[in-house]
Amino acid sequence: MNELLEFISNNLELIYILILAIFIGVELIKNVPSVLHTPLMSGANALSGVVIVGALLVMLQANPKDYLSLGLGFVAVVLGIINVIGGFAVTDRMLQMFKKKK
Amino acid sequence: MNITLSIIYLIATVTFVIGLKMLGHPETAKKGNLIAAVGMILAIIGTIFLHDFEVASINYILIGAALLVGTVVGWLIAIKVEMTKMPELVSLFNGFGGASAMLIGIVEYGNKVGDAMQTSTVIAAIAIGSITFTGSLIAWAKLNGSMKDIRLPKYNLLNNIVLLGLLAFSTYIVMMGGNHLFLIYILLFASLVYGILFVIPIGGADMPVVISLLNSLTGIAAAITGILYGNMVMLVGGILVGSAGLILTFVMCDAMNRSLSNVIFGAFGGDGSTEGVAAVGKTGGTVKKTTASDAAIMLNYASKVVIVPGYGLAVAQAQHVIHELELLLTSKGVDVSYAIHPVAGRMPGHMNVLLAESNVDYDKLIEMDDINPQFPNTDVVLVVGANDVVNPAAHNDPSSPIYGMPILDVENAKHIIINKRSMNVGYAGIQNELFFNQKTSMLFGDAKAALTDLVSELKNM
Amino acid sequence: MKIGVLKETKVGEKRVAISPSIAKKLIDKGFEVLIEEDAGSASSFKNSDYEAIGASVEKRGVVFKNATILIKINPFDEEDLKLVDKGHILMSQLYHKSNPKLIESIAATGATAFSMDAMPRISRAQDMDVLSSQSNLAGYKAVILGAYEMTKIFPLMMTAAGTITPSKVLIYGVGVAGLQAIATAKRLGAVVMATDIRMETKEQAESLGAKFISVDNTGEESEGGYAKEASEDYARRQKEAVNKSLFDADLVITTAMIPGRKSPVLITEEQVKQMKNGAVIIDLAAAQGGNCEISEMNKTVTKHGVKIIGTTISPESVSTNASDLYAKNIYNFIMHLTENNEFKWELDEEITDETLIVQEGKIRKN
Amino acid sequence: MKIGVLKETKVGEKRVAISPSIAKKLIDKGFEVLIEEDAGSASSFKNSDYEAIGASVEKRGVVFKNATILIKINPFDEEDLKLVDKGHILMSQLYHKSNPKLIESIAATGATAFSMDAMPRISRAQDMDVLSSQSNLAGYKAVILGAYEMTKIFPLMMTAAGTITPSKVLIYGVGVAGLQAIATAKRLGAVVMATDIRMETKEQAESLGAKFISVDNTGEESEGGYAKEASEDYARRQKEAVNKSLFDADLVITTAMIPGRKSPVLITEEQVKQMKNGAVIIDLAAAQGGNCEISEMNKTVTKHGVKIIGTTISPESVSTNASDLYAKNIYNFIMHLTENNEFKWELDEEITDETLIVQEGKIRKN
Amino acid sequence: MNITLSIIYLIATVTFVIGLKMLGHPETAKKGNLIAAVGMILAIIGTIFLHDFEVASINYILIGAALLVGTVVGWLIAIKVEMTKMPELVSLFNGFGGASAMLIGIVEYGNKVGDAMQTSTVIAAIAIGSITFTGSLIAWAKLNGSMKDIRLPKYNLLNNIVLLGLLAFSTYIVMMGGNHLFLIYILLFASLVYGILFVIPIGGADMPVVISLLNSLTGIAAAITGILYGNMVMLVGGILVGSAGLILTFVMCDAMNRSLSNVIFGAFGGDGSTEGVAAVGKTGGTVKKTTASDAAIMLNYASKVVIVPGYGLAVAQAQHVIHELELLLTSKGVDVSYAIHPVAGRMPGHMNVLLAESNVDYDKLIEMDDINPQFPNTDVVLVVGANDVVNPAAHNDPSSPIYGMPILDVENAKHIIINKRSMNVGYAGIQNELFFNQKTSMLFGDAKAALTDLVSELKNM
Amino acid sequence: MNELLEFISNNLELIYILILAIFIGVELIKNVPSVLHTPLMSGANALSGVVIVGALLVMLQANPKDYLSLGLGFVAVVLGIINVIGGFAVTDRMLQMFKKKK
C-alpha cells in the first residue's frame, strides 16, 4: 500500500496523463456510428502497435552479445511492425468503401 | 532523453488523438488513419535515430532487417487479403502486437528485477501480452472457420479459477522479489493457456466484440511497457487504445443489444446460448443475421436496390418509413425501385394502397414480369415482411402448396436482405429456403422499427 | 325576430337552408325559427328533429306570414315572391348580375334582399361565404360522381389477374372546387393533373399532389381572387398545353368560372373526338354555359364515346353536409348583421354593402 | 383452336369475358378468337378495337358455329344452350352448387363445361380466380356507390363554415371485397370499422387502417379459406358486439357469404330501425339472399330512413377493368389447360379437377 | 506535497472533467454541476488543511473570514437575482475570478523574480486576470443596461495597438529580469484599460459570446497560476475551462451564424454588422432565431404542445414528418394536439386531407373554438408554415385586411416556435407581429427539412 | 528559444497534461445543444474559480506581518470564493428548467 502511495506521489503527473488519456479515449469513441466500428477497431489495433517502440528500445539497448535479448527483440520488432503496417494498411482498405460516389 | 525525440513523441501522441478522432467520422476516417500512421512512423524513426546511448552496428542491421521483413509481410498480407477476411486479419495483427509486448516483458524482466513496482509492470506486460496473443489467434482461427465453438459444462468456473490463479501467482512473484526466471516462464505459459481458454467458448458471431476487447488489452500492454521505459508515446498511445477499445467493445455489445458479460459468459454452460443459435434449413444451411448498420452500408454502397414489400409491411404500417428510406437512398445516388408481386399482402393491390398512402411514385412500382429480368444486375434486394412471394419452393419443390406460383426471383440478385420479425412462416405456412441462402442476411425485427433504424444509420453515413 | 326557412322548390335540390343544429343556435341567440314542413327531409333532417330543438314546423303560408327573415338557398322565384311583402328580409343566393329581372321583381314587392353569392372574398367574410362552402363539397362530389360513372377504377392495382393502371384525372380550374377535386381524386389513387389561368394555383395544386400544367399567361389577370375572362390567344395556348393530358384522361372535371359571365369554353367538340373511348367529363360550370362545348345542364350526353355530364347538383347530392355548411354561413351572416336580435347594419361596411342587393324596394346593385 | 367470346345477356351486365389486350395475347399464342358483335361496347371496347388486334367480330350464330371454346362471364342460359352442342367446351361462372338444373341442361347437350367460380383457393390458382378478381373490384365500387348515394361526405373537414365530422363506415365480412372496401373508404377519409367471423382477418383489417370489432368465435371454424355457417349463438354475440357501431354508421357494406349457401342474415329489420336517419346499407351478398333482412336484389329500398341497396352489380359497373381481369383469369386458365394450343388436362390435378363440372355430357360435381 | 492532498486534487480534477461532461446533457446537467461543486469544495478544504508549511493562526482567521464573507455574498446574490439577470451575473462573477488571479500575480511577483519562466507566468496571470476583470465588468454593465454600445471610427486599430503594446511591454519586463514593481503596476494599469477597450464596442446582443471568451481567459489565468504553484488541480481545471470556454465561444458564434472575428471586430466601423441585424417589427421588437436543437429541448421538456399547421406544411409536403414528430413527442409523455384553423391552407379542409394522408388520429385534430381556451396552459405552440391564421392583427389592427377574422390565439401559450422559410408574408400579404413577440422563436427553413432536423434532435435526447 | 526547449523538456509531462486537457475540453463541449450554452458557460465560470486555490496558498504562505500580501490575498480569496459559490449556485438555478417531467 505504501509503495503504491509513494509510486503515485512520485508519478503524479503520469497518473494525470493516464486519467486524461482514458477520458479522451472514451470521449472520442462514444458516439461513433456503428458502421465505423470495424475500421475503428482496426485503426485502434494499428495504434496499439506502438509497442514496437519498446521492442526497438530492447534491440537498441541490447548488448550485441546478448543473443537471447537480440533474438527476442528481433521477433518483437517483426511482430510489432507487422501489427503497425498491416494494421494501418488494412484499415485503409476497409475505409475504401467510404469513398463518395461520384 | 533527447529533447527532439521528446517533441517527436509529443507530436506522435497528438496525431494518435487526432487520428482516432477522425476515424470516428465516415468522411474523415481515411485521413485520420493516415495521420495516425504518419505519427507512428515518426515515432519509430525517432526512436531509432534520436536516442542517447551507443548502439552496435549489428543491432542496427538487425533492426533494419526486422523492420524490413515485418513491413513487407504486413503490407502484403494486408493488401492481398479478401475483403471478407479482414476482421480475422485484424485479430491476427492484434495477436502479434500482444506477442511483441510479451517478448519485451520477458527480455526486460532480467533488467528490472528488484523494484517491486517495476517487476509488477513487467509481469503485467508479459501476462497481458500473452493472453492477447493466444486469444487473438483463437479468434482468428474461429473467424477463419478453422475452429468450431467448443462448449463444456462448468467452463465458466474453470475459466475464472485459472484467471484468479494467474492473478495470485503474479502477486506472489512480485512479493517474493528477486530474479525467478523459471516462475516467469510458468506465468508465461499459464497466460498463454488462459488466452486460449478465454476465447474458445465464445460464439463465432460474438468474435468482433472479443477482438475489440483483446485490442483494448494490447493497448494496455503497450501502455505498461511505456511505463517501464518512461516512454510517453507508448504510455499515452497505449492508454488511448485501451480506453477507446474498451468503450468500443461496450458500444458494439450495445449495438447487438447484449451485455459484455453476456457475450463472454453467456456462452458458457450451454444454457444462455439459445438466442444465438440460428435455425437450420432443409439443405443444412444456417441463417445469417445482420444488423441495421451493416445493412445500411450494403444499401448505401449499392448502385441498384430493389425493395420487395409484403404483408409484413402492412402489418407494421411501415409504408411511410420505407418511402423515407427510398428517398434517402435515391438522394445518395442509388437506383431504387419496388418489386410488386401480384399477390403480396392479403388483398389484390394491397401494396399499391399502402405505398400510395405514403406517396411513393407510381413509376417506382415495377410488376413482377418486368422486374424479374432485372434481378441479376441488382446489387441488393431488400425484402420487407414478404415471404411466400419470394419463396423459391414455388420453382423447386413440387410438393409445396405454392408450387407453380410465379415468384419474384430475388435469388438472382447479388445480395438479399430480408426483414421480418422471426423465422415464422407466411400465409402458405411453409418454410422458405431463401432465408438460408448464402447471399441472404436476415434483419430481424418489426418492419417499422427495423426500417427506422436503417434510415437513421443511413443518415449518419 | 322570426326567421322562416323555406323548402327548396327547384327540381333535384335536396338541401335546406337551415339545419337543426344551426336552428338551435339561432334559438339560443333569441330568434324564433319557423321551418316549412318537410323542408329538411331530403337532407335526412326530419320535422321532428327541428321540433326537438324548439323550432316550429309550419305550413308554407304560415311561414311567409309570420316570419320577418325568409331564408332559402336557391333564388326566390315568382311563386315565392307572390307571398313576399314589404316587411320581409330575403336571404338566398340571387345571382343578381345574371338575373336582373328577378331583382326587379323583388324590388317590386318592396322587400329587402341579401344575396349570399355576392359575399366579398375577404378573409373575415370566409365564414359567410356560401360559394366557398358549397363549391368545396361540389369538388368532392364531382369526383365521387366521376368514379361512379366510370367503367374503370381510380387506383393502380397490381393483382394476380394483371395490373390495372391508375386512372388519369384532369382538372380545369383550381379554385375551391378544383382543389377539393384534386385532393379527393388523389386520395383515391388517381394520377391527377390540373390547370388554371391563375399562376398562383400551381403551388396550391402541387401541395395536394397534382401535376400542374402551366400555360404561359402573360397578359391575363385576376381580380379579387376571381379570374377574368381569358384572351383568345390564351385559350389557344391552353389547348396546346393541355391536349396531351386531355386525350389521355379517364376523367375530366371542369370548374372554370368567371363571376357574372358565361363560363369559358375550354373543351371543344373537336377535342372531345380525340379523347379516350369511355372517358367521362364532369362539367361543374354547366349552369353558366359549361366549360365543355357539348355539355348540357343537368344532362348526361354521350358523344364520341365520351360521357359528358353537365351538373351543379353536386353539392345538393351531399345535402346533409351542404345544408349544415350553408346554414352555418347564414348563421354567421345573421350574426354579422344583427345586434341583440335586431338588425343593425352599416351600409359602408363592405360585407353588408356588397350583399345588400335590394333595400326596401330600392335596387342597390346590379 | 377457336375461341368464341359471347356477349353477356344478363340485364345490367356490362362486362365482356375477353378484352382486346387479352384477345391479342391468345392470338399470339396461336388461338383464333371470335367475338360476338358489340360484346365489348359496354366496357368501352369497340368492335374495331378487337379487329385491330386480329380477332374477328361475328354475329352470334357464327360464333357458336365456328368456335370450340365458348366463353362467358355469367352462367350459360337456356337461350345459349340451344346453340351449344357436343363438341363445345364452355367456360363461365356456373355456380354449380346452387344451380343443379342448369348443370343438368348442360350435360344434356353433351358438351364439356368448366366453372370459373369453382376455382380452388390455392396460391397457384390465384391468377385464375375470378371470384377474387371480381370481388376486389366489387369492394372498391361498393364504397364509391355508397359515397355517391350518401348525403354526407366521407372525410373530416374543418372549414370556415363549420366542421364536417367524418363518416363512419362499417364493413361486415373481411374477405377480398371487404378488404378492398376498407382500403377505399379509408383512403377517402372515413372512419372504418370491420368485423368477420374469421379471427385471422383482424390483423388484415388493421393493416389497412380499420378498427376491427372482435366477436369471440369459439366453436366457429373456416375451411379452405372460406367461412362456414355460423351458429345462432355466434350471431347473437356478433349483434351485441357490433350494434353500437352499426347504429352510429353512415354507410354499411356487407360482404359475408358462405359458398353454396344462403348468406347469413347479419342485420335484421329491428336493427335497421335503430340506425341513423340517412344511413346507407350496401348489401353485396344480396344475390345469395343478402346479409340484411330488408335488402332485395338489384333494388334500392328505403325503410326507416335507411337506404338499403341490394346489389352485385358493383364489378359490372367498373366493366373495363373487370373485363380485363376476368379475361386475364380466363387466359391463365386456358394456358393452364392447354399445351401447344391443344387441351391436355389431367383430371387428378386439383385445379382441373375442381373446375371441370361437366365432361362430355357427364356431370362430375354437384 | 502532501500525498493525501495530491489525491484530493486528483479527485477534484476528475470531478471537473465529469462535471463538465455532464453539464453537456440536459438530463445530467444539474448533477454535473453538483459534482464539480463538490470537487471544488474538496480542493478548497484540502488546500487549507493539508499543506505542509506552518501557518499563523491570524492567517487562518483571515482565511476563514474571507471565505465566510465571500460565500455569503456569492450565495445571496446567486439566490436573489432574477432569472433574466443571470447572464450578467455570470459575467460579474467571472470578473471576480479574473481579479483574484490578478491579485495573486501581484503578490507573487515579488517571490518569483529572477526566473524568466516564472516571471512570465506571473506577468501573464496579472495581464490576463486584469483584462478579464475589467472586460467582465463592462460586459456586466452592458447587459445590465447601464452602459450603451460605443462605436468610434478606427477603434479597431487603436485596440490592436494597445494589445501589441501590452505584449511588447510584457516581453520587455521578462527580458529585463530583476524586480521592477513599478513596471508591473504600469502593466496592471494597461491591462485593466485594455479589458475596457476590448469590450466597449461590442454589441449588446453579442455579449454572451464575449462573456464566454472572457470566461475562457479566466480559466487560462487560473491555469497559469497553477503552473506558478505547480498545482495540478489549478492547471488542469484552468485548462479545461480555457479550452471548453473557447470552443463554447465558437459554438455560440456558430449558433448565431457569425464568426468570432465578426463578433469582436464586426462591431467596429459600423459596416460588417448588417447580417446580424434582425428584422424589426412595427412595435420595434426584433426577431429571435432558434435552432432545431433548442426547439427540440423546448418540446421535449414541455407537458403540453399544440401544433398549428398551415399552408406551408402542404407546400413542403411535410405531413409525414410532422406525424412522426407528434408520435415521438407523445412517446416521451408530451400531450400533443393539432390546432386546425378553419381557413388554414388554400381550400376548406386542406389540413384535414394532408394529415389524414399521414394517418394522424382524427381525435388529435382540435377545432379553433375548442383549442383557443387551451393555449394559456400550453407550454409550447409549434407553428408550421402558418401565418395569417395566427396573426394577432386580426384582433388588434382595424386597418388590417384580416381584421375581425377569428384566429388561433397562440400568443397565450408560454412559448411559441414558428417554422417558415423566411420573413415573407402569407396569403393576406401582411406582416405578422407574432414573429416579433417576446415569446416567439423563429425556426427558419423548409418545413420538411426543419421538422426532420427536429425529429432527429429529439431522438438523440 | 533554448530556455523554452529546456522548459519543455523539464516539464514534458505538464505539457502532455496540458494538451490532453485541451482535447478533453474541446471534446466535451463540441456537441452541446445550444440551450445549454448559458448554463454551461456559467458552470465553466464557476470552475474557473479554482484560482481560489492559488489565493488560499498566498494567504497560507504569507508572513502574518506582510499586510500587503495578506490584504491582497484576503481580497483574492473573497473574490475567488464569490466566483465559486455564486457560480455554482447560479448554474444550479439555471438548470431548474431541465427538471424531468413526472
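First chain written, first letter: the chains are A, B, C, D, E and F, and each begins at residue 1.
One rule holds for everything that comes next: a contact is a pair of C-beta atoms (placed from the backbone, for glycine too) under 8 Å apart; a residue touches a chain by one contact, two chains touch by 3 or more.
These numbers come from a predicted model, not from an experiment.
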{"item": "Co-neighbours of chain B and chain A - touch as defined", "value": "E, F"}
{"item": "Neighbouring chains common to chain D and chain F, by label", "value": "B, E"}
{"item": "Chain pair, B-D or B-C, that carries the greater number of C-beta contacts", "value": "B-D"}
{"item": "Same-site or different-site touching of chain A by its copy chain F, using the half cut", "value": "same"}
{"item": "Maximum centroid distance from chain D, chain identifier (CA atoms)", "value": "F"}
{"item": "Chain A and chain E: spacing of chain centres that average the CA atoms, whole Å", "value": "40"}
{"item": "For chain E paired with chain F, centre-to-centre distance based on mean C-alpha positions, whole Å", "value": "18"}
{"item": "Between chain C and chain A, distance of the C-alpha-averaged centres to the nearest whole Å", "value": "80"}
{"item": "Of all residues in chain E, the ones touching two or more other chains", "value": "17, 21, 232, 236, 317, 342-343, 348-349, 353, 356-357, 359"}
{"item": "For chain F, residues contacting two or more additional chains", "value": "13-14, 16-17, 20-21, 23-24, 27-28, 31"}
{"item": "Where chain C touches two or more other chains at once, by residue number", "value": "126-127, 132-133, 136, 155, 157, 159-162, 164, 187, 189"}
{"item": "Listing of all chain pairs that touch each other, if any do", "value": "A-B, A-E, A-F, B-C, B-D, B-E, B-F, C-D, C-E, D-E, E-F"}
{"item": "Residue numbers on chain B that touch chain E, as the complex places them", "value": "317, 320, 323-324, 357-359, 456, 459"}
{"item": "Footprint of chain B on chain D - complex, ascending", "value": "122-124, 126-127, 132-133, 136, 139, 176, 179-180, 183, 187, 203-204, 206-208"}
{"item": "Interface residues, chain B side, partner chain F - complex", "value": "1, 3, 6-7, 10, 13-14, 17, 21, 232, 236"}
{"item": "Residues of chain A that touch chain E when the two form their complex", "value": "5-6, 8-9, 12-13, 15-16, 19-20, 23, 27"}
{"item": "Contact footprint of chain F on chain E as seen in their complex", "value": "16-17, 19-21, 23-27, 29-30, 32-34, 36-37, 40, 43-44, 47-48, 51, 53, 55-56, 58-59, 62-63, 65-67, 69-71, 73-75, 77-79, 81, 83, 86-87, 89-90, 93-94, 96-97, 99-101, 103-104, 106-108, 116-117, 208, 211-212, 215-216, 218-219, 221-223, 225-229, 231-248, 251-252, 255, 291, 293-294, 296-298, 301, 303, 333, 457"}
